[in-house]
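Alright, structures below, take your time with them.
Okay, so chain A shows up in both of these, paired with chain B first and chain C after.
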Partner chain A sequence: MSATATDRGTGRIGQAARKRDGALLLTGGARYIDDVRPPGTLYAAVVRSTVANARIRRVHAGEAEALPGTVLVLTGERARDLAAPTPYFIDPLVRGARRVDIRCLEPDRVVFVGQPVAAVVADTREGAQRAARLVRVDYDVLPHVLDAERALEPDAPRVYAEWPDNVVLSKSYGTGDPDGALESADVVVEGTFRSGRTTTAPIEPRGFLAHWDEHAQTLTMHGSCQNPHQLRWMLSATLGIPENRIRVVTEKVGGSFGLKMQGQPEETLVALLSMLAGAPVKWIEDRRESFLAGSRQQVHRFTVGARSDGRIVALVDRIVADAGAMTAQAGWAMPNMSATTLPSGYRVPDCRIDLSIVATNKPPLSAARGFGKDSAHLVMERAVDLVARRLGLDPAVVRERNFIRSDEFPYRTSTGLNIDSGDFHGLLDKATTSLGYRRWRERQREARASGEHIGLGLALELTPESSDSPGSFVSGFDTTTVRMSVTGSVTVLTGVTSPGGGNDTGIAQIVATELGVPLEWVRVVQGDTDRCPNGFGNFSGRSMVVGGGSAALAARDVRRTLALVGARMLGVPDAEVRDGAVVDPAGAGAVPVPEVALAVLTRSFDVASGVEPILESTRAYKPGNIDHRPDAHGRIQPYPTYSSCVHAAAVRVDAETGRVEIADYAMAHDCGTMINPALVEGQAWGAVVMGLGAALSEQLVFGEDGATLSDRFKSYLMPRAADVPEIRMEHQVTPSPYTMHGNKGAGEAGVGGAQAAIANAVEDALSPFGVVVDRVPLTPPAVLELIRRAAQEVAP
Partner chain B sequence: MNRIRLNVNGEDREVEVDPRRLLVHAVREEVGLTGTHVGCLTGDCGACTVLVDDRSVKSCSVLAVSADGARLRTIEDLGTEDDLDPVQRAFLEEFAFQCGYCLPGMLLTVRELLDRDPDPGEEDIVQAVSGNLCRCTGYGPILRAVRSAVRATREADRP
Partner chain C sequence: MTGEDTPRYTAPADLDGVVAALEGADEGTVLVGGGTMVVPAMTHGHVVPSALVDLGRAGLTGIREEDGATVVGAMTDYASLLAADTDRGPGHPLRLLARAAAGITGGPQIRNRGTLGGSASYANPASDVPGCLVALGARLRLASARGVREVPAQEFFLGAFRTARRPDEVLAELVLPHGDALAWGYVKFKLAESSWPVVTSAAAVLAGGGLRVALGAAADRPVALDVPAPHRGTADPAWRALVADGAARALADRGAAFVDDVLADAHYRAAVTPVIVARAVEGALRGADRQERGRA
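Moving on to the complex of A and B:
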């Protein structure tokens, strides 16, 4: 076994090693869930409700059952007897919120258009879909409510009849005396902001293939999913099968962004259908079904007070978040993070954030990149810009005067987050320099003279990462096994999974570095509950923090044994492991690692005597800074580390058509130590463009009946190559003191800051009209509406 | 059922398909080549792009029977893991993909672009790639990879 020179140079921590599955993906050889097709596979299709709020009177399955090729039709009534309600990923009761039972098929009622009410299994996919269309459902239709603010009114239709109102969670955050601080402020600015409902839309939709083996009494579940161990637990809970008889295997995941976190009805459903059919059953979500999942939708009414020099003294925000219907997936809890991420990286000790998460008759929220933190940045960055505008100060100056300084960390925010480290002034400087902020200001002046509308927008984005939520499977630690074979090859089995971002490559780099062997000796196995140690999968930028941290601990154990036995073989007191060899630091000799591995495992009563003959270690890693003990204000600290970035955007707005063109864009990004800078950049670019989509074009639109109208890529407008600028990317590295390698988590930062920077830039561009931007997406009609409204306010 | 003839990646194949069968499903299931992916079935995302008689086609928007007699080229024919096509190599070097799901369609779109014009302008590149959706990369690395593949082709062609 030998390393090539080029690979050896790119395999260590901090180097831009290429994606290890790259060649496989490039040649079409990777296996995604829809490529798994064991002999005898049957296909499932889901019958979904066509009404937004109703009691189910009767399900007519006869015609579907009579269709040749139909194997079975499962109704909610029958499923209720066979499967228990789905346990919540984040239990509402633990958070002081209301809950309802979520079942794989609803037996009695539906609360949104698209809710699963029955399922069909047939011998072909098309057959299953045809049969599903033949299932008729009689409903007693009830009034429904689609708007969260309307849902809060006392006479609004009730989403869940047994609740006294439509409030899922009502909670206040913050400390100090914001009302007093507002009274004594030099300026007080009020604002409203509405974010549109967006969706994650990975190019590969969700999908599962379940195989119940009647003889062995085992269930194997292949899936495109982020959290295989939690999924195993959930299937055990809903189907009553012991966990040790369930195996969940994650295939190559074609993007996820939170969508494929566990907790959706179809997971239990597909497993149950396989048990009933006695055959492997596959279900692949179609694009229309995928568009049901909501990412975010909030209304903020905020008041911010500042001194005349721009220093912000208080923030009060009232958030109404539209959860849609309840879900057992983590999505319903996202707005909570919108509240606690305020006031972001600004020094505002007097805050009050009142949050209402509201149920409506829309499809549920599904976890989405940003996990609610993104919406906090929209509001905070709008508030900072409104203060700057009121005082006639440049937004960059107001930010400088309010950022938490780099010598103030760790810094406890008013809402309880303990920010570990950072340098926000440094980021602002890097972003504005990269964009050419001053030059753009010149151009803006010149352009205005000729009637052209250029605007600049800035945004800080603080991204709490690697969350641990008490009493849930949102876990702040993870576990990895590092195992060396007799020939020196290394297998890494880890509890974290990769939805495509490449953390398998990063973890291999950590193991190669910590173990002292070439990268290509290392193979990483993820997403198999029968092979990998108990873990929690991918979310919250955790994979490199805790997957990488636990891999390092395990690799160090193996390295110690190699060094000990290698030193004996060399006849020296101490030895090091470097580049695949155990070497005498004094230079007296070296022995290749495979020879040492062979000695440990075959000469355990000779050179390895007194050494436990095992080249394997399983370790869990818990980062620092998390503290779930409430302080005097009842605040907890669920994050070890906080990534940060500053966005700087220049836009041109056509006031005739309302079209926004992104003329230039820079992001200065700080996720602490970068394990693989190329993979970090890739994550950041992707997140920024997802944010640009939410800022300018993406929006789930619903008809009055509650049906999703934007149910395809023709009507849900995701950015295409021609829509996005070349993004300038600058890095700053402030290592976290609380994580193993000083890394902070990458992948979420970008979604919120990009929306905020564009909103601020569009307002700046249209300031001659007196436009106040109070919403995203800023589609051409929305921009024209803002201009028209501003004109009416100026000349009533 | 209809029997159709296809030349897939240089090999003559005869497959039985339902007249309603989409070409993408025939390629994946009857021919058995799963590198071509399904993303939307509405002709919008481009994950199912294959070359039909040297032209890039969204194979979810074509009935298999209408491709009777056609010459198909799929991702499986572009290059091997040990001998990547210059376009594949450029995508690898520029980190122009993450999850890889849109990748086969993206590569065939770019391959067609370069087959028709080995030295396309920036607008041609952006326009070609704009027919395919990618949710991971933000497109910047993809455009850089295409430019890099163009440069590599130009240098290889230099006498």
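Moving on to the complex of A and C:
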């Protein structure tokens, strides 16, 4: 495949067509949720809990209600009578987990600092916020627990009094005989790894504008969200409005990364406030509110056994995942994927992964790019490096010896994933060559002589994509309508939505290619439940796999009709649609597609007689490889495709301050066929940088009272341009046999591998000190602490 | 905002007008310089002023020489400090301020809006300017209806976001004496590009061979350190220990302590302080050395 990120071409599949809305975005013309301002709009502010665990005694709304400009104050008590609990995006009961009712406002108790307890509607945003500050809440404060391991202790405070303990889900994964394999291993290495609590921090926070029309009895909800159809269903369930009276519209979205998956309390809340106020009500999340959403925090205690040649024979991992409080959003379920993504792309048939998802009095998890898969790579890649170090082997060599070989696919892992395809040896070769791995090893030797600490880190990242979770709205298929008008213009209505990454451009490329018309003829409409077919939005790298696949099927239907009628017009037996014309393959003539479209729709009793006069098709696409029938071990297979990549990082560590500088970085990436290489690279860069942030600087920090302290971008440190070197990006294309175009999901790969590669590189740099890296983020204070601890262990 | 909450706003055309506007002012009166801190704070409702005095039209800009000192108008922005740093010797006070200005993040918008006087008056411990002014031995010229007074930088910064400026005073000018500095070194240490500085140090090599060192961001106010010349190099553990002691003493003398915050705890700040001071001193020594060789 010769696709490159600079070959813009004519916008066919595989070419790097420019993002269709690029000019609009760059010139500030794009319309986001806060730009939607119907006349008479009122503004909402949320009153949030200031304590981490308490019974609510009383909510005092009087002062807030008396403030000029206040329209209404809604308490949890009243909201309970008006709205049902929020249905879960992934129901815990289906997964064998515990559940609690999640309400838009908590009437009786709070379990984290920041939980919504009341809401105010006023004539301005500032007025609503001022009134919200005047709402006082009396609490009976209870003891709280902020640490997941502490929460597992028998005497720990209980997050939910009605539960016997704080465990949300306890489950084991894996097959084989890991204990026996460990016993017969030549070396056994144990390790601990802790990942910090991070957040997604899109540039645009969440926001909704609800408008209840009392006369029409309809609810229109504009939102910055990922899943308009699920949101419509959820609003119907909580507010008792028939789904066909609810319209959800997604404007341009300024990044989602999982945060804007449906299920958060404010969704029902804003709609309810509009019904009560009888006016459009808008709520735009404050950045401090956005920082409440957590992700990734886990503790792993793992044991890995290997033969003396570096072949890994067994992996045992015990995961404690800190869910924070429960959420109806998908976030609570992420740690499941940390367990099932182990042992990644390595041939380790004997595995046992024991997972405990634990509730604490921290704000809930929100879904976050990587969806837990990233944490698996941290552990697996640390395990591989620990084996290499114990055996005195180069980490690259140990990886080569353990990768699943490209002739072994499809390969079923110990945890049940059926990896469709890949070439991990090829990726390692590309990444190390791109970085100049050997040259960096030489530099590392030279630098050590002069007291400088350079380290190299490698990581494989296997990213299961386009998931389907049985009985949930995590759906492995989607639906698209392709419609051609009498003038040949094409409207694509699809159930997948774009968080801003540009899948609309990719879908347009697929439709243009499959239909045989220029890209400019195609317009893609997303995120409107009244216009688009039933669909599931964006998550899990699904948009090009199932949005693209269903668009291709629908486009082919329209193309067939064009070819049939076009051939009649040409007087030939068969015709093709190419570059906007129906052409005789023998070269006898061509007729422009608009003329054919006009004929189909205006001469249906003449040249188009016997042809159903419709240039429109709605199709759903289900990729292969998903199988929810449990096998003999009870394993299901929820993913059609598995993207893969290998990361190679070179770092310099300042051993006096602990600061890590990323000196060089390469990523070899394989998402099968690339529909648009420029969009793939944009996603991959973003995912790598998100991983680098989690590896080095991003961390939600909580006070002892449970309040989020890192609630600004000066204290929650996202990488800036100067923190990140230019990433060397290499592509490998191993098409998936299970998807329409051989493409695999893209967009998540990078988050986990970047964290793992940096962790490995920092340990490599500090090996003269005997440092073992057991955590991310590796902030300067954390690195200095690791050096200090290693020195203590060497010289007690 | 609704009418009754709107603060009184004035934008005087000169210093006299500012002084008049501030007459009788209380804590509710907010002076706006470049506005890079106070405008976002008002947007978020963290600062709710009763009156705003905008210095944007009052002049108060420009750099001039006066009796062995450089006098910088309080409204001089970072971009102007950078532009002024030409053809000056490595020991000139503006060289240090230009070094600090070059490390201001936030891009051209912040460098063109943020001002030297604004940063000094805001007195964010985690910022460049307070530590640099202490290192420079700067005097801050405060004007009010009662007259003009000068306050040494050491006495101006009282704590986090607290200065000796009274509500009816405006910081008009900063006087930077031309001392015996041969060259400046400056190091701002941050956890990542986006973080507030965790420790800053400005250091000068003096004509007599001594050092003048200031420490910023480490505590709630900047302090000057007593640091001997490193005869065995700045990596010498014994010299580093003296620096650490000097820092601890300087903080104690001012009733200050290493900051414990969301970015780093006090132990970390204490641990990296001698490292950052050593690097600032190293930079100053290199600068002095280059000058020496230039002369030879």
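The criterion applied here is as follows: the second predicted complex is superposed on the first by the 787 of 796 C-alpha atoms of A that agree within 3 Å, B and C clash if a C-alpha of one lies under 4 Å from a C-alpha of the other, contacts with A are read in each partner's own complex, and residues count from 1 in each chain.
The rule is short, and it goes like this: contacts are C-beta pairs under 8 Å (C-beta built on N, C-alpha and C of every residue); 3 or more make two chains touch, one makes a residue touch a chain.
Values in this document were obtained by computation on a predicted structure and should not be read as measured data.
Colleague: Which one hits more chain A residues, chain B or chain C?
Modeller: More residues of chain A are touched by B.
Colleague: When the two structures are overlaid on chain A, which partner does A:130 contact: first (chain B), second (chain C), both, or neither?
Modeller: Once the two structures are laid over each other on A, A:130 reaches chain C alone.
Colleague: Check the residue A:500 against both partner chains and state whether it touches chain B (first), chain C (second), both, or neither.
Modeller: A:500: touches chain B, not chain C.
Colleague: Kindly classify A:35 by the partners it touches after superposition: chain B alone (first), chain C alone (second), both, or neither?
Modeller: first
Colleague: Regarding the shared-chain residue A:26, is it in contact with chain B (first), chain C (second), both, or neither?
Modeller: It touches chain B, and chain C stays clear.
Colleague: If we overlay the two complexes on their shared chain A, which of chain B and chain C does A:720 touch? Say first, second, both or neither.
Modeller: A:720 sits against chain B and chain C alike.
Colleague: Once the structures are superposed on A, label A:69 by its partner contacts, choosing first (chain B), second (chain C), both or neither.
Modeller: Touch partner of A:69: chain C, not chain B.
Colleague: Identify the partner contact of A:679: answer first if only chain B is touched, second if only chain C is, both if each is, neither if none is.
Modeller: So A:679 only meets chain B here.
Colleague: Who does A:201 touch here: chain B (first), chain C (second), both, or neither?
Modeller: first
Colleague: Quick one: classify A:780 as touching chain B (first), chain C (second), both or neither.
Modeller: second
Colleague: Per the definitions at the top, what is the overlap between the chain A residues touching chain B and those touching chain C?
Modeller: 126, 713-714, 718-723
Colleague: Can you tell me which positions in chain B touch chain A when the two form their complex?
Modeller: Within the complex, chain B touches chain A at residues 18, 20, 28-29, 33-42, 44-45, 47, 74-76, 78-81, 84, 88, 91-93, 95, 97-104, 107, 126-127, 129-143.
Colleague: Give the list of chain C residues in touch with chain A in this complex.
Modeller: Going through chain C, the ones touching chain A are 1-2, 45, 105, 189, 191-196, 198, 262-265, 268, 271-272, 275-276.
Colleague: Can you name the residues of chain A that touch chain C in the complex?
Modeller: Touch residues, chain A against chain C: 68-69, 124, 126-127, 129-130, 656-657, 659, 696-697, 701, 709-710, 713-715, 717-723, 779-781, 784.
Colleague: Please output the residues of chain A touching chain B within their complex, sorted ascending.
Modeller: Touching chain B from chain A are residues 16, 18-19, 21-32, 34-35, 37, 126, 200-205, 252-257, 284, 286-287, 499-502, 678-679, 681-683, 685-690, 712-714, 718-724, 726-727.
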